[in-house]
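There are two complexes below, and they share subunit A, which is joined by subunit B in the first and by subunit C in the second.
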Partner chain A sequence: MSAVGEAERRRAPNPVRAHLEAIAAALSRALKPPMTLMYPDVVEELPEGYRGVIAYRYERCVGCGLCARICPARAIKMYKVPGDKRMRPGYDMTRCIFCGFCVDVCPVNALEHTKIHDKAYYELDSMVLDPVEWAEFSRRLIEEQSARSRSPNLVRAVFDEEVGLRYERLRRS
Partner chain B sequence: MAIDAGSPAIRARQIGVEEGLRVVELFIGPQHPASGHMRLVVYLDGDVVVKVDPDIGWVHRTMEKLAETREYVKTIPIFERMTIIDSCNITLALVQAYEALLGVEPPPRARYLRTILCELNRIASHLYGLGIGGIFLNHSTMYMWAFGDREVFLTLAEMLTGARLTHTYVVPGGVRRDLPQGFTDAFAKAKRYMLRRLKEYDKIFLRNPVVRSRLEGVGVLERAKAKSLGVVGPNLRASGVRYDARMLGYAAYGELEFEPVVGEYGDSLERIWVRLKEIETSLDLIEQALRQLPEGPVMAERYLKMLPPALRKLVESTGRVKLPAAYVNLRPPPGEALSRAEAGRGEIVYYVVSDGTDKPYRVRVVSPSFRNAVLFMVLPVGHRFMDLPAIYASLDYFPPEADR
Partner chain C sequence: MIDAVPLLERVLTPAVLAPLLYPGLATALVTVLLVIWLERKIAARVQMRVGPYYVAPRVHGALQLVADGMRFFFQEVIVPLTAGRGFLLAPALALAFTAAAFAVIPGGPGVVGFKTDYSLLVALAALSLTPPLVLLMGWASNNKFAVLGSAREALLTASYEPLLFMSALAAAVMYGTLDLVAAVEAQARLGVVGLALNPLAALLFFVAMMAATDRIPFDIVMGEQEIVHGPYTEYSGVAYGVVMGLDYVKLYALSLLYANLFLGGWLPFNDPLAGSLVLYVKALAVMAAAVFLRGVYGRLRLDHALDALWSKLFPLAVVSILVSALIAYYLGG
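So, the complex of A and B:
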């Protein structure tokens, strides 16, 4: 097929020709566009179902605690919320490994993945959220997600036979 | 070029000579000399390697012990981190062992999807090894190319699972997501691209006289020796042994046409050639699997029927599995299971003992890199020192996998 066949590999290549071929291969690639994602100047449109930071909807949650029980990283813990009879989940973003088990096990779809995974904080503590904070944070996160999807710098990865991946701009700037 | 008498290497040798020593000890690592944290203690007589002592264990994370303290489903992400670049292959055997204990069979479609992701992982993992191998030989173009092309397959895996590396895709009873729309087309393009690229790889790497002079005839592993040392994976096959755990026919391999790539000479060049050839085999396997992909659910009926009707509908419409509450603490009956699979670096073996509780009593794993680590003691002896990186390059050794 394509790679060096058995017989061809055994034959030591002609050194002059092989050197020239190697250089030619590198040159011909150099003329093609590179598959570099110019992060963070561009925003990549991530595929449907991308597993990013978890968003929580307080009003949907029934407080069953399954998410906390299945979390392999112990990122979700159940908290007592003043004025609420049920325990509610809180989220420790420093621990989350984005496995998505909590999303899959939640019986009422109160949890969902956002497409955001890149967030920076000044303090570690601000990444540990109690249920009320998590719900508030999730609202902002979902807003941020839709803002990103409207970004003028949105690009999408397109598979290409020539260059492998191409990052195509979705909007003219 | 004048040799700088003050360079550390020259100094080290001088110190040895001054002290009346013939053999000089050289420590390589443990700060990430290559594919992970490990240390090679090399004994040199002049420029000739007398002995190598692989000092492994720097990235030991007590995975086996941790697994005893976690519910079954939670152990999957732990073991995934053994070889993060090959995570589906590395956890498939574990899940198969759990399934044997639980007495649950994955539906046919799930078996095919497992095969598809495993082969995507294998391609990405071989490209990773090739890239690292390239930089070992100071061939930075190969490094850049292989890592760039790996991204194509990571993007495919991301389409399928939602994560680039830590897929956590295979779970007891099936897989977590159905094939997304547009995957087959995307893969067809990726395949044509990769076949084209393999030809370029030949030109710039495999047939490049500079690379060949570093790899050909270096670190030859004879067939009998490979067998007696218990080496696995491409390193074994490059020595002419036709053994590949995929021949067992787990997942969908039994239903696909598959012939392992077997080399002959067992030198460093052969080991890299076997990996490149395996990329082609993997592309072909994925294509076959996509063509023959059976219809049906991706999760075992046993777990799907525990879901409330509304969630079942959701699973059908989105193709994303929801897990029933019982999944949190799966309780297999007491017993033991042994399971094997072919990961990118060779055969991985899991032995699981259940005592009937919701946590495994014991999980033993023998990883391919661990079985290949012995080659560091055998292959470089008698070679020049600069052959050591070339040999390491060809072994595709991954320390976190060996150390667990």
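So, the complex of A and C:
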């Protein structure tokens, strides 16, 4: 069929055929598995280098303040800590944009990205952490992260030509 | 003291029980919940989503609609200050008329509330009383969206009702009766279901049914993205539950009609229980097909719908009656 003829056919499809084709298309889609990530029933396996909430290790930190200097969102602020002669960074989660500059700049690897970003709070104030709180919060965060990676409901995103993204369970329950 | 038993016997006649229990309102309520859930599930699957889930995940969210219904019950019914007379009366009356149709629609062999030789006519007449009440809803709401929706309902009603009646007439001519029970018996006698005898009439009835119940692609009256919710815009709480459920109850009634007219009703069973069950399942299948199309089509423009209904489908309806006449002539004579 010539290109013109083809275009003509497209412009005026046979109505019966068009209806049948539309119905068949919907049916064939309905038979495919859904592409929904059943969050929060399942835990998605996240790639290395995922930029989640920043965790801070007090014992490694040398108090250089580079992280506070580089932070573009001014999420990190240096605080005086009683009984410590150096100032230490505190963390404001309401401001952080998870850019990772602080992680990169820290000379002693006291900062790292966790794979967790889904945290909810009742009060904004509880999202602003001083150095001691941040360290404590980070300890719990890292624990939670390893608990998640051991979850029986871990799923992994696989690329599927038919539906795009699909989530597969990593462990059989 | 009045003796309760004879009184009960007099009240609890099939003519009362059929519209109230089966196939009437009680069954309709369950069916509506089931069908809306099915609709949302099917539409979700077509879009490769999961659909309602977290209310009762074990049964794939089947209780979602029960939860929704409960919410409607406990929500405040707000009647706008500017609402006119009949604002709350219209939905109640519309539901009552729809329920009246169940008095004559057989729900199975011998399961019929009120025997008449004109049950098809009575059922369609009762169902066609609802559009004027939808007009009243829009008018009483006194809101521009509601009035626009009502105007659309008026135009659409004038276009699909002829089609509905013509395709029902085609079935009636084919079986030589206006009685639904006799129609099923005629299919039993012929050994073929109406769908196979006159597929054209069956298709047209289905299309008219879709239009009558505001199913996509004929959801022009509600037109959510254009006129909020059409005539139902101002309703809230349990009144909203009624107006929203109304179209589904009507869909259920028309699906029962469809199953009786074109799918052989309760055949192949003649036992009241098995027959009723088979008929119900057939009606459910018709409803599932109707709600499945939600995932297929978009909304038609009003003028396109009117054009299609009048200039394309109406002539076909005339042809379907001729086909029926021929069938009746050859099979009956």
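Heads up, the rule we're going with is that the second predicted complex is superposed on the first by the 150 of 173 C-alpha atoms of A that agree within 3 Å, B and C clash if a C-alpha of one lies under 4 Å from a C-alpha of the other, contacts with A are read in each partner's own complex, and residues count from 1 in each chain.
Rule of thumb we're sticking to: a residue touches a chain if its C-beta (ideal position, glycine included) is under 8 Å from a C-beta of that chain, and two chains touch if they have at least 3 such contacts.
The structure presented is a predicted model; accordingly, all values stated were derived computationally and were not measured.
Student: Name the contact category of A:Gly83: first (subunit B only), second (subunit C only), both, or neither.
Tutor: Neither partner.
Student: After superposition on the shared chain, which partner residues are touched by A:Tyr50: those of subunit B (first), subunit C (second), both, or neither?
Tutor: First partner only, subunit B.
Student: Should A:Met35 be classified as contacting the first partner (subunit B), the second (subunit C), both, or neither?
Tutor: The answer is both, since A:Met35 touches subunit B and subunit C.
Student: Is A:Ala22 in contact with subunit B, with subunit C, with both, or with neither (first, second, both, neither)?
Tutor: The answer is both, since A:Ala22 touches subunit B and subunit C.
Student: Both subunit B and subunit C touch subunit A; at which residues?
Tutor: The overlap between the subunit B and subunit C interfaces on subunit A comprises residues 22, 25-26, 29, 34-35, 163.
Student: Within their complex, state which residues of subunit A touch subunit C.
Tutor: Touching subunit C from subunit A are residues 22-23, 25-26, 29-36, 38, 163.
Student: Within the complex, which stretch of subunit B touches subunit A?
Tutor: 70-71, 73-78, 141, 145, 148-149, 151-152, 155, 158-159, 161-163, 166, 168, 176-177, 180, 185-186, 189-190, 192-193, 195-204, 206-209, 212, 216, 273, 276-277, 280, 308, 311, 314, 320-325, 327-329
Student: Which subunit A residues qualify as touching subunit B in the complex?
Tutor: Where subunit A meets subunit B, its residues are 1-4, 9, 12-13, 15, 18-19, 21-22, 24-26, 28-29, 34-35, 46-51, 64, 66, 69-73, 97-101, 104-105, 107, 109, 113, 157, 159-165.
Student: How about subunit C: which of its residues touch subunit A in the complex?
Tutor: Residues in contact with subunit A: 42, 44-50, 292-293, 295-297.
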